[in-house]
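In this document, chain identifiers A, B, C, D and E correspond to the written order of the chains, with residue numbering beginning at 1 in each.
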Amino acid sequence: MLALNVVAVAVGLGVWAGLARAGVEGLPGPVAVARRGWELIESGTLLKDTAASLRRVLIGFLLGSLLAIPVGFLMGWYVTARGLIEPYVQFFRTIPPLAIIPLAIVLLGIGETPKIFVITLAAFLSSVISTFQGVVSVDKTLINAARVLGARDGVTFRRVVVPASSPFILVGMRIGLGSAWATLVAAELIAAQQGVGYRMQQAQLYYDLPTIFVGLITIGVLGLIMDRILLLIERRLTRWQERR
Amino acid sequence: MLALNVVAVAVGLGVWAGLARAGVEGLPGPVAVARRGWELIESGTLLKDTAASLRRVLIGFLLGSLLAIPVGFLMGWYVTARGLIEPYVQFFRTIPPLAIIPLAIVLLGIGETPKIFVITLAAFLSSVISTFQGVVSVDKTLINAARVLGARDGVTFRRVVVPASSPFILVGMRIGLGSAWATLVAAELIAAQQGVGYRMQQAQLYYDLPTIFVGLITIGVLGLIMDRILLLIERRLTRWQERR
Amino acid sequence: ACGDDSGDGNTGSGELQEVNVGYIADFNGASLVAVAQEQGLWAKHGLKPNLKVFTNGPLQVQALNAGDLDFGYLGPGALWLPASGQAKVIAVNSLGLADRVIAKPGITSIAALKGKTVGVPEGTSGDMILRLALAQGGLSIDDVKKVAMDASTVVTAFGSGQIDAAGIWYPLVGTIKKQVPDLVELAKNEDFPQTNFPTVFVARNEVAEGKKDLTSKVAGLIREANDFRAANLEQTIAATVKLTQGPEANFKAEAENVRFLTSTEIDAATADGSVNNWFKSLNELFVSFGKLQTATDPATYYLGDVYTSAK
Amino acid sequence: MNTKISFQQTSCAFPVNGATFVAVDRVSLDIADREVVTVVGPSGCGKSTLLNMAAGLVNPTGGDVYVDGTPVREPGPERGVIFQQYALFPWLTVRANVEFGLTLQRGVGRAERRRRAQHFIDLVGLTDFADALPKTLSGGMRQRCAIARAYAVNPSILLMDEPFGALDALTRVQMQDQLLRAWSAEQRTIMFITHDVDEAVYLANRVVVMAARPGRIKEIIPVELPYPRSEAHRLSPEFAKIRNRVWHAVYHQTPEEEPAT
Amino acid sequence: MNTKISFQQTSCAFPVNGATFVAVDRVSLDIADREVVTVVGPSGCGKSTLLNMAAGLVNPTGGDVYVDGTPVREPGPERGVIFQQYALFPWLTVRANVEFGLTLQRGVGRAERRRRAQHFIDLVGLTDFADALPKTLSGGMRQRCAIARAYAVNPSILLMDEPFGALDALTRVQMQDQLLRAWSAEQRTIMFITHDVDEAVYLANRVVVMAARPGRIKEIIPVELPYPRSEAHRLSPEFAKIRNRVWHAVYHQTPEEEPAT
């Protein structure tokens, strides 16, 4: 598996280098990007940016996902809650994060809060649909089994619905993680002093493609690592599943 | 259910009007937005924009979702395919659509193709994770049952894996639909002549909040309608599920 | 680097007044802030700054209106915001000379643009110079196929031959030249002496009206930094690199395409009404864009006397 | 004797393709406190539906079910259920499955819980598989795990839906004897569905024979054999008589299987 | 007679918490063409695992299984399987479940498919539930649907894992007779797991008795009763003798259940 991943990455790099050499307009080659990356590492900028962004994404992602679990449960379990919450979830999911920013500034200022809020929202909205579906899809007989053993709604939720829908919850979290990272650039439009997304926007002012690529790769790699961690957690949590 | 939805919307409108009246900076009230909406409808702009955007989103969403099913299957079924494809899926999911645009232009020009491509990509990346997880989560005994009846991989996929993972596929599609709409603004950065996203960007330059809100609401409502349609399809397709 | 430097000149003094200042991390937008940091001007003027970096003007105005910023920096494309009453201009920073209308090799006149695909970042100075140029060449915006795209998209699209012409600025023009060395510059700022593209500092309305003392202190600081920059460009560039971690080459290129006025020159231009005329001619442009309903009188939002009286 | 479970004109109909399918049709049955009632009948005659209504898992569409005089509205831990499909929690080990109900009971400490779970795990012969996940168990082992789980909460009523169906003959007889022993010790009321007429007679105070389409009670046959029961009862002519009577009631014919030696 | 299925020193071990658990230990068994072999043994002794290896669903960790002389690598439609847990496709109606295998066979037209499916649906008594979804079926009805599905593809080998476990006694006997009738008509080879010793003897040409921990063959008991069989055989002293012998082999004791009248 790891070997295959390495192969895949190697092929990708090859294609990239090929495209760059073939002179696709403005596309910097891997070497130029690596050089710029090294500069940014040496100056300490990349580290500081990464730390700032990672913090925002982590907090936003965790808040969003954790919030999605109870909300998804409420929506799946109580018809009333679903009727009240669902229109908003659906509505906000279709709204680009860029459009949320003005409102976030008005309501939350320009500190860390609105940045984290935008990321939280993105992670939450991706996760909640999946959690909701997971709750709805839980095998009824398992819920019945818990109830006849004396479990009330709360316990049933925590100890049956959550584990039974954990594959769904983890799909939601993985998609949410992607959304969180993808929203980072938008979030760091809000008066960020540092951060990978901020650096990329700055680079965009001067069309500094190598820096943009360093940013993309940093985000991609961090996202990939976090995703792997989620996958590991998933493996542990869903070992009970009989699957191919 | 519908009544609850109406209640929810009414409450939302109330909160919005309240916030606007309480003088939150720059927040236009429902009345101002409705007036602007009416103007845009009368002038025919809104209809044209909506038609243009809807077309892009629909095509992109359908392409992306349909592509996600076989790719998700390949990833879930063949370890080799997973090793090769997964790093890219994960990588691109973390990249903001804005960053894809330059590449899309270089490779695909400035016509409709790159716009639809960006939307397709967004829908695809959200869907594929979910489909993949669905394939992985299919109960092994069902696959065994199909195989002992003489089904080869292709048939097993089409007639067992797809229906069995349809709850996951539909979660993916619903999230993908949200992503498609949310990406619309970014897609219409690419030299759009009309479209709701384009209109919103223009309005943003002019700081014309009522128009932005008209755009947000248009997108939200269209997204909601499409989501309802998906839900109906889901109900039909997963009627066999024993669920609460 | 910026956050910790800000306390440098502030040893032991409780008298310093806190101020929230926004800027954009290009040379025009950041150089005065960089000078103030480097030269310890904040403390000297009794200020303790909270610096916030943005990527565009409208966001800063939103932050101003939400009370998170007191002062900000705007480029020419965003000057309709103060003109529509959303902020007050307290100082002119520079006059932009960077804008160009560029075209593919072979297109040699504005008139030849008729029916061609022209990319432009809407509402920016690139958009403005395109319209000025078209008007001068006897065309209107409807005679070309105008395609709205953001600035970096213009670079890509022009570089890969997707568009025939563009309204854009240096240093992006320089970037494009690397790919299309023989592109044609059809128009530049100097072709339109009546219209200047100033960049400015703005204050929140309430600050400008209610905290005259603070506004005056900031204006004074801007004056001093302004004159330092006019005299020491090299040093200013170095300071800006230090502040923003940005690329020196780009800052240099940008600095070559700007006119930095001294405070005396600005005082004079304010006194003889030139500054108001710059704004007025821009307002007419904004009206033709549809950004403004009427060409507002600059006197209502340019606080010239605050600038001239601040020493 | 007090009535523990009372079906009063209880019906249950399911909507099927527009029409309604009557799974249980106006069943009236009183089960006394500390009684063992077994239910037999052809496949699909509504046995499970009847039991699920007593459990509170299916709502009657007509009439009502009373437990201790109050109508059943929802499940409760005083009514233990063993499901026909086991319904183990696949993410929990055998031990955790058995402990599940105990963790919900107040005043049962960790050590006590563990001790009680272990007792029932041993009882059903899963000692060596206490830490195995359900997916690694054989069919019969899963069923035994479900039995241990239901026993562990010590309910006053046991509702058992073909609980011994997947067990081999010897284990089955052992489980029957264990059930009766525990029943007399713990003063339980038991409703027990089975396809095995011998089992039905061996365990029951009364055998309820159901008929299909619509599901209804056809006959209630008392088993006048004294408790405690043993192999001796199984071999008695009295037993054979009742057994034949039950068989006849179910199938309108005497069992073709005749004793052989 | 030719050997149809051949286990040759076949073992199967599962990794369990680091260690390995030997579910089947070096089993050698030849099943002849057109033979009926039944497998009995205590719960968890490896019967299902053995059958799954013949089906190609579980890979042996030692030795190999041969069908018609070639080692089994994957499942095939010539080996029909009835699973202990039914494994119906929940999104298909009874009819569509039964038709599933037929749609994969070339040269079976729509009408023919429908006819054949209907035949087997009728055979297992689900005529009125042909368009019902599995979730609306009772336990026994689900099992019968699984039986019809396996029969419909007309496999030359039938691997049946406790196929009649959830059926009531009469239906069960009927299904046994049907199985034997079809077996002789269609020239099938049958491997049949059951817990019911009577059933094992009634159907089998040979009864394989397995023992647990590790799962292995303990004894193979030939049933020297002629086919076709009928109730008369069940009542014969010969039958009772074999039955007792099997019982003894499984449990090291004679059945305590003695015939009664």
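Everything that follows uses one rule, which is that contacts are C-beta pairs under 8 Å (C-beta built on N, C-alpha and C of every residue); 3 or more make two chains touch, one makes a residue touch a chain.
Note that the structure is predicted; figures quoted are calculated from it, not measured.
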Treat chain B as absent and tell me which of the other chains still form joined groups. one piece
Can you name the chains that touch chain B as well as chain E? none
With chain centres defined as mean CA positions, report which chain is farthest from chain E. C
Measuring from the mean C-alpha position of chain B to the mean C-alpha position of chain D, what distance in angstrom results? 50
Between chain E and chain C, distance of the C-alpha-averaged centres to the nearest whole Å: 84
Going by the contact rule already set, what residues in chain D reach two or more other chains? 85
Residues touching two or more other chains, restricted to chain B: which are they? 25-26, 102, 106, 141, 238, 241-242
Give the residues of chain C touching no fewer than two other chains, as numbers and ranges. 62, 65-67, 152, 155-156, 159-160
Per the touch rule above, enumerate the chain pairs that touch, sorted by label. A-B, A-C, A-D, B-C, B-E, D-E
Can you list the residues on chain C that touch chain A in the complex? 2-3, 22, 24-26, 51-55, 59, 62-63, 65-69, 151-152, 155-156, 159-160, 171-172, 175, 179, 244-247, 250
Touch list for chain A against partner chain C, complex: 24-26, 43, 45, 101-102, 105-106, 109-110, 189-193, 198-199, 201-202, 204-208
Considering the complex alone, what residue numbers of chain B touch chain A? 1-5, 7-9, 11-12, 24-27, 77, 79-80, 82-88, 90-99, 102-103, 106-107, 125-126, 129-130, 133, 136-141, 143, 167-168, 170-172, 174-175, 177-179, 181-186, 197, 200, 209, 212, 215-216, 219-224, 227, 238, 241-244
In their complex, what parts of chain C are in touch with chain B? 58, 61-62, 65-67, 80-81, 84, 86, 119, 122-123, 147-150, 152-153, 155-157, 159-160, 162-163, 290-291
Could you pull out which chain D residues touch chain A in their complex? 55-57, 74-77, 79-81, 83, 85, 87-92, 100-101, 104-105, 133-135, 149, 153
